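Heads up, there are several structures right after this.
You will see two complexes here that share chain A, one where it goes with chain B and one where it goes with chain C.
Take a look at the complex of A and B:
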């Protein structure tokens, strides 16, 4: 009886093996935060990866080889991210990893990728990921520091020299505030007021009242994330403050205009990516075709417009695919070298040109200075 | 002077939000000595259900009604499915059950609705009202009015109605209450329904100011709980005063000292008050018969 059982099991296993299609030759790993507190970042990223891998495979794959995607959901937990990264390397034997939705999860994947010597393209913001440069680590999103620089460049152009800062105390707001304070002096701009608010606060009028009263203040800037900046924008209108108002890339989405209200958001300036303003890009814009194709594909499959965060995953896969094509193989070392030699690759966040010392490859032109007019986006340059 | 006025108005705006949430803790606490940590989730459900009913095309007042009714039903379900089966368990166990319920409701909301932040239009628009050089939003007045109305309602309920007294009796001594003919199970169910409904009303009123998302309940409940402790747990007067006071402390600290220390100042004052008056500002001294 037992023997028969064993035979049956053996036969079934054999059948299962037979049923599996021929294994894909490009084994691509990914761990993103599809659920958990960073789900609004990780969810579009996962969707994007699935969509684009499908699309590449439908078009015949890379160098004639199909991609098999091993996608895990780490729930935003760095411990899980590390476990999944190890699993990707040891069990799934992937040739590259894309992922690390948050800076925390990215930091825990880095040692695994470095040790296994496979390329890792991160989707998280912090500058520490690529500075100092690590041999196998790359990233696609621009950094907070670049957002600060973009905003200060615009302020300088407008002739503002005394500004106020009101930042959220959440991770994003606190980190961006620090980066901004680091670079502000080189633009000849002085911070005359530096206020903060809790990420769940319901009213920021006291802080804004204080900023408004600072002598000589010419503009106010709000690094923040989530609902905070929407409430600050509403309070700004409530107090009738007429100073120019800058928001950060943390709220560069249509959701921000809805939450803050068309009237309150009128005239707010912020740095955003080409993806956000796809419909108003000039036809001559080099990013237009890439961005338009991505938006159309994403909408067709998921019925909603993609976000900036999905765009990060788009660019990561585009960089990898481009490198594999140029290297002519999927051997990790060759691909790594090819990624480092990426030149003029047009992504949704910007045009990527990497080098030995720059594993991000974006410059300030990746950001567009946007202004909210009549509840929509206008290019402000 | 306009600065002080603005700080005060901001304090009252925020304080009224805290007071509304704090009032929701009162009934369940009075009926069972249980601090319901799912109270913030009731507030969140009130806001989220209204948002989605409104997005589905229903008029706002009807959406709000549905939200309050549905949340009250959730309250009843919570009592029937989780609290009542654990009847006889110590209060601490019941509190832990409410924490579990809050995690469950959060997870379910994120699946059933979504993970985005939402808002719906304020009742009387967004044009600020000017008072002595400062401004306040009309919605803040609605929140204050809502808090006052619920406060008066609760106060009348506990002091003037038979059912209210039955709730207090159940809390004092469940067995004795049963002996004099009070249906204590029904009282518990009622208290969960009313607490959930109050939470939902709070959610409907505050959403235009605070916005709402599936995970907004925790922080609202935390501040509401702090306000209730400050004023005296179980006392509607305490919940109301505690909320407004907490809001004022935060706003004045942010205005005159530093916005960095706003939360710290509030919690230091709460600690100091509880140190001197462990029952809170309006709490009654507890006497245990041996």
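Take a look at the complex of A and C:
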């Protein structure tokens, strides 16, 4: 068989890397978008997975068994993600998959995991991933819908009832806009202006001018991702709009403040995770120790602070490790059941309690309402 | 009896498709093989357009997108069988290519490259932005055409991946066979004539614009079918399939392997499909390596990898 294997490799112009690794006890697969348009999400995710697997192994592994991580870069291409997922299942024979940086890549990995009957923990945002609940699929980031609800809760508290929306047409922006429109009515808030921009657009002043002129408008919200929201924020300041301005969790990183500029970003509110405001969390905060340890480890290895997105990968691995410990084995079915029974697990994004009907396990308390002040983050509640 | 190049090409393809599975250690290899065939089909279309007729398109992913999304949408909204949706997608792509090509191809030069570039981007934007229909950038589910059950009914117990390998391999061979037949047909001769010199071709009575239009429509149909097969196999598709990068990828595959020969272009598709899989260990350098290979091929092997290597081998033999 070995000979045939070798020959096959030669014949197929060496389709796979020839070195057969030593079989580890726990074989964990991951495919994330380290390069490509979603690299700023996938890169910290990959770094986090490598870091934490190293750390777990140094501490003796899980149940005394070391983890071997099979990590691939799908470049944000759903078709490639599908191929790598197949490779993880068929060739590397992994016992669980973490990954799917974007909703597109996640959706194309799901059929592979479901068919192979192994747990898959996604790192992507959309609610469709876990709704309807799929037997083998879980995810760690909060949904767009929760971000909308968090923002609308804050707006309601401030007494805003007429707001404007300016959204990106990329996957994130389009999906979040839809979710926001779905839930907005139940908060007694009316959308009086609904503008959009393309992911490559360089100027959004016309859309903002339109919104500014809407009668009775009290606040503006920008569901978006990547460079778009930074440009919107800059334009917002250039036009001298004084209405309260809300961004989404999609830009909850220091990179956003750098891109938009300290001055333009002043006063912007957005929902973010505990990870982002680690240094100003109260000592009594239950998430403080977990978040502080992750930030310290990450900084020690890579010399930069981790982002929210790396936190998603942290939580995925924490959920898996916790489940393996409780199940006492790596047998996929047992681990799946254990993941579903996750209770009170403290992650960087929130405190995770899953159930048969909830494969996400986070509620609105996982989000903190943040405000940008003097180029830094402040808790707004 | 000496085999013609056409028969050689088909023989090699059939042998490769039929025999390599015996060396596959896991069904993951069937998946990669199947993707090579899908790309091979799109690239065969480029051979007809670029290799035969000398026209350049930078928007063929747009047709792949039309093929893919027709398979996703038509069975749901029109209630037709997914297999029929492949045909419908091909018809829409062909019709669109005809509409765009008719005015453009009367002109000489790079107008087609620019027009197709715009067309590809338009299709991509449409698929991304019209979320009410296409469910937007996060992608859409594609119905299962029941290929596996068909094989089961024939008494062949393939897994889904194996079934697609067999089917896509068959489609590629059929596609290659048609393209090779075209080469020797009057239309093929007309295309090669206008590739050499449009003026000379016109002088001997070739309908230059008409022949170019035929090549464009045929290659659009190939791209559309490849998009359809990808969507049906993955049972899920995102607008990335129609993206600009995919257009470039298709052309790169053809040029790398040798746009003038069907086997060469399919060879190029094979290399570029496998490369990311082989290079996972140094994923960061993948783009650099790819760029380097492209540059070297363009400088030293202008006809593409396979034809140049073959010439070298033949030259030595004589």
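In this text, the second predicted complex is superposed on the first by the 358 of 381 C-alpha atoms of A that agree within 3 Å, B and C clash if a C-alpha of one lies under 4 Å from a C-alpha of the other, contacts with A are read in each partner's own complex, and residues count from 1 in each chain.
The definition used in the following text is that a residue touches a chain if its C-beta (ideal position, glycine included) is under 8 Å from a C-beta of that chain, and two chains touch if they have at least 3 such contacts.
All values derive from a computational prediction rather than experimental measurement.
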Which of chain B and chain C A:346 touches, first, second, both or neither: neither
Partner chain(s) touched by A:259 [first = chain B, second = chain C, both, neither]: first
First, second, both or neither for A:104, with chain B first and chain C second: second
Chain B versus chain C as contact partner of A:178, first or second or both or neither: second
Touching partner for A:147 - first (chain B), second (chain C), both, neither: neither
Shared chain A surface residues [contacts with chain B and with chain C]: 169
Residues of chain A touching chain B in the complex: 37, 39-40, 43, 169, 195-198, 200-203, 205-207, 209-210, 213, 226-227, 230-231, 234, 237-240, 255, 258-259, 261, 263-264
Sites on chain A touched by chain C in the complex: 4-5, 7-8, 11-17, 34-35, 72-73, 75, 77-80, 82-83, 86-87, 89-91, 103-104, 107-108, 111, 115, 126, 128, 169-171, 174-175, 178
Footprint of chain A on chain B - complex, ascending: 3, 6-7, 9-10, 13-14, 17, 110, 115-119, 126, 128, 135, 137, 206, 209-211, 213, 215-216, 219-220, 251-252, 254-255, 259-260, 262-263
Complex contact set, residues of chain C against chain A: 20, 23-29, 31-32, 35, 128-129, 131, 136-139, 160-161, 230, 234-238, 240-241, 270-271, 274, 276-278, 280-281, 283-284, 287
